[in-house]
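In what comes next, chain A is part of two complexes: it sits with chain B in the first one and with chain C in the second one.
== the complex of A and B ==
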């Protein structure tokens, strides 16, 4: 629903009681419907800084809410609930619980970057969407998306060998996302490929599967890349205070165990 | 021509007019109702001025000194004009001191009055100690004391600045935009963030009118460098829970009611017509425009003309005005006064 058509009253905040008497007045039934206030009490004022610490979110504090991003948005045209302007605002004001209401559609951004070219203040809303999806994932509000898992499988392999071996990438991707190793479309794909008798390619693939070739003198490059990735991840965890949370949780578990 | 020119009001416009005239060899009688020159920036204790960033006591203080040191300018403090008779080339001003001044022309630089926030009782000024005005915050900064909650001198952790207090509000008969409060508020917000980096500063606005080049220097800079947060909402009421102030309103951009605690609420007070304008209008025999400021009779032919020949006006006497523009207008009105004396010779 477009935001201007939204009602200030949420259906779940409408309350009726079958039997209720307040100060001697019977307020039972539909005629005495109550509306619960929707006051936000738990603002997370660190939220803007957390998003800004993740790649893509750096310029979020510049936003002045003109709505150019939402107007330019490819996905908004399809789904009026997809409203980058609104989410940027919730993040800046620290309304975490409100943002979480939309956690299942924020990942839908297709990175067309029309918002980025429309934005008069260089907020780079596309980057902010990416950072927000990442934030939701790191905080454990959403599952890892399939595309994130694919990225992981892909980069793990490149980091390890400096090369890509497609069949291994696909196998790992299928297994980690819980898909059958031979989905029907994949079988069909292979059948049609075989028709052309790609002997040379199949030999390459077979050899690669057996020997796991590596780029020459790759180890140093691998170490450097892994160090960099570890640094980045640690920085993200620090910005979001995740290590602290994990420590706290461990402490609590220990306390309970001690009791 | 030996008759002096009468300048009424010793604020930025009056100081500029008096200085220009004296520099051109004209005698000036400068009448000021307070016991000190400088006008609002000095009397109300402004801190750093918008947009120069210079301290008021240095910038305006310099203008005051220049006037005080001039042999051509006769300064009359704690004095008002009770009647102005005659016409161009031959005015007679009766002063409250009993003196009479013969003047060739008159320049009114009678300024404005800060809006009194008590007239918006729903926003808590006068009821809660920690509800203050931009003027008070300017004083906290200029005195070197720093921004503190008046109730217990603690450093505020959350400050809300409400814009358009006494401006753009038909409820209190003030339709005008006071022009400079957006920029002044953004400036104050940055000052607070600089002094107290842990303090969150929120600005509640209907529109942001940091006009012209002030956009970069105040609106953008406060957001981009100082992380000041802007919320589009007209606040309904400011109350207290005994410990903190409670601000209620509707956040119009996300369509939701808001109830937020703050340590300090700042009213960005607007510029009212000088409270004396009705009296001034009588004693100087000049017209007021519909809002109650002194009417400008001509914008293009004679800059600073009022409805009375030989009487000119400059600065915030004519409506909300910046200090820089008031100074420019003071000089312009001085020039118009010279032109008119020359023409009657």
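== the complex of A and C ==
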């Protein structure tokens, strides 16, 4: 697959005048085509630090832009706009508005680890993609992606019980993402799957909807994990200054109300 | 080569998938072990390793979850080796091992959580994590395996599919790429070696370590279907009749999106998908039912029958 870098010339920046005469010379139509200059002024100097504070983003500062990640990327081969090297560049430069142009595809990283394996600087680009997608959600730039919802449903069950029971995870996932409880192709798959599973196994899966499978002696581990996750979430909010933002917004609302 | 006896009796970490949709992988692994005279002792009170999901909440928490499994196997059950047939579990145990050896912050979190959870803290180097492929290769080896083949897979064209988590990222697998006898990271061959001994004809398959999109099987189905179709079609173009798998996520991903591609896109592929342990089991003389081939969505019973195998 060829590697496509993003074109710096964007269609919306190409300007053509249908009727234009300059110094008596008629330059109507494509003769007057020019490219509007782009000026970046709104640098977000905190962006790299904020993303580095989230799970997976820790090593972003090590990147020296060799492009091995994009070269190796599974998703880039399917969609040339998916470009980890370029996004890491934007984050390190603080070019937030540029990054936001791609906000709806960053979550699509499939964690195949080809980039992390290829990276000569141990940046862990796969982790950076996850951290960036998470950052976009926390900052309110994107809705929670279906991938994040899956992570949450899955993690909640692991923390609570120590184990995963797949059919329960899938059902919760479909319901939380507002999809029909089972898309038709999935029903077909499940039908074929359970056709020959032993009865004991089906009982196990069926019963799991009533009695969740649990790791024995898990209670203490669960408490420790829940405490840790709460601390971690508070730390993430602090790193991104979310509480401060909310406080500011409240203040402004109060001020307006007072007036 | 390591001492074979070390691998004859190992701790067994099936993981959540093998208790659920990958029931066939669990039963065929156990059966193959039995037939080869190997002993598996299931890790007591094991928990989920964190799979692909928990690390996105917190990387160190994932390390803790895996370290608990390692700690029980090493400290409570006194094993030297733990075997995980699931690529995801195998990868996470390896990752935990690496992080605990290299990263002090991870060690700190694991110590804190282990103490609170009331079990011994796992320390790097206490136990060796291996995959089911390593297990058969190291405990039995090709020579010994060849003597036990009763029902050759002769004439069966197989594409061996290893997926992502078995070899990537390379730094967490220090034992790979260590010269003769060790597994290769870029061109893994352990499954090829074992199935060749079982008589199968391994085809040249370029997508051995391609990604099936397993992490987003449900959350980004369109992309997963594309990635799976790449694999299925490449396997067929290579002349394969069967794709042999060694990971429950890959296996169910391939099966699920084979159905989805047929239903939603009208693209039908005929290649069958089987766990390598199922193929080995048949070669060792077991019935197809014993290794649960009928439980696969992409049911290969008919193909094997046509080929006169089993």
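By our rule, the second predicted complex is superposed on the first by the 162 of 259 C-alpha atoms of A that agree within 3 Å, B and C clash if a C-alpha of one lies under 4 Å from a C-alpha of the other, contacts with A are read in each partner's own complex, and residues count from 1 in each chain.
Methods note: a contact is a pair of C-beta atoms (placed from the backbone, for glycine too) under 8 Å apart; a residue touches a chain by one contact, two chains touch by 3 or more.
On a predicted model such as this, the values are computed, not experimentally measured, just so you know.
In the superposed model, A:45 lies in contact with chain B only, and not with chain C. Within the superposed three-chain model, A:248 lies out of touch with both chain B and chain C [touch as defined at top]. In the superposed model, A:92 makes contact with chain B only, not with chain C.
Of the two partner chains, chain C is the only one touched by A:173; chain B is not.
Once chain A of one complex is fitted onto chain A of the other, the partner contacts of A:33 are absent, as it touches neither chain B nor chain C.
With both structures placed on the common chain, the touch criterion links A:145 to chain C but leaves chain B unconnected. Once the two complexes are laid over each other on the shared chain, residue contacts for A:61 go to chain B alone; chain C is not touched.
Taking chain A as the reference, the larger set of touched residues comes from C, when chain B and chain C are compared.
Across the interface of their complex, chain B is touched by residues 3-4, 6, 8, 37-40, 43, 45, 48, 61-62, 64-65, 86, 89-90, 92-93, 95, 98, 121 of chain A. Interface residues of chain A, counted against chain C in their complex, comprise 55-56, 74-75, 78, 108, 110-114, 116-117, 122, 124, 127, 130, 134, 145-152, 154-155, 158, 162-167, 170, 173-174, 177, 183-186, 188-189, 192-193, 196-198, 201, 204-205, 213, 215-218, 220-221, 223-225, 227-229, 232.
Interface residues of chain B facing chain A in the complex, by the touch rule stated above, are 200, 208, 219-220, 223-224, 227, 229-232, 251, 253-260. Put simply, chain C touches chain A in their complex at residues 16-17, 19-21, 23, 45-48, 50-59, 61, 64-65, 68, 109, 112-113, 116-119, 164-165, 167-171, 185, 210-211, 213-216, 218-221, 223-224, 226-227, 255-256, 259-260, 263-264, 294-295, 297, 299.
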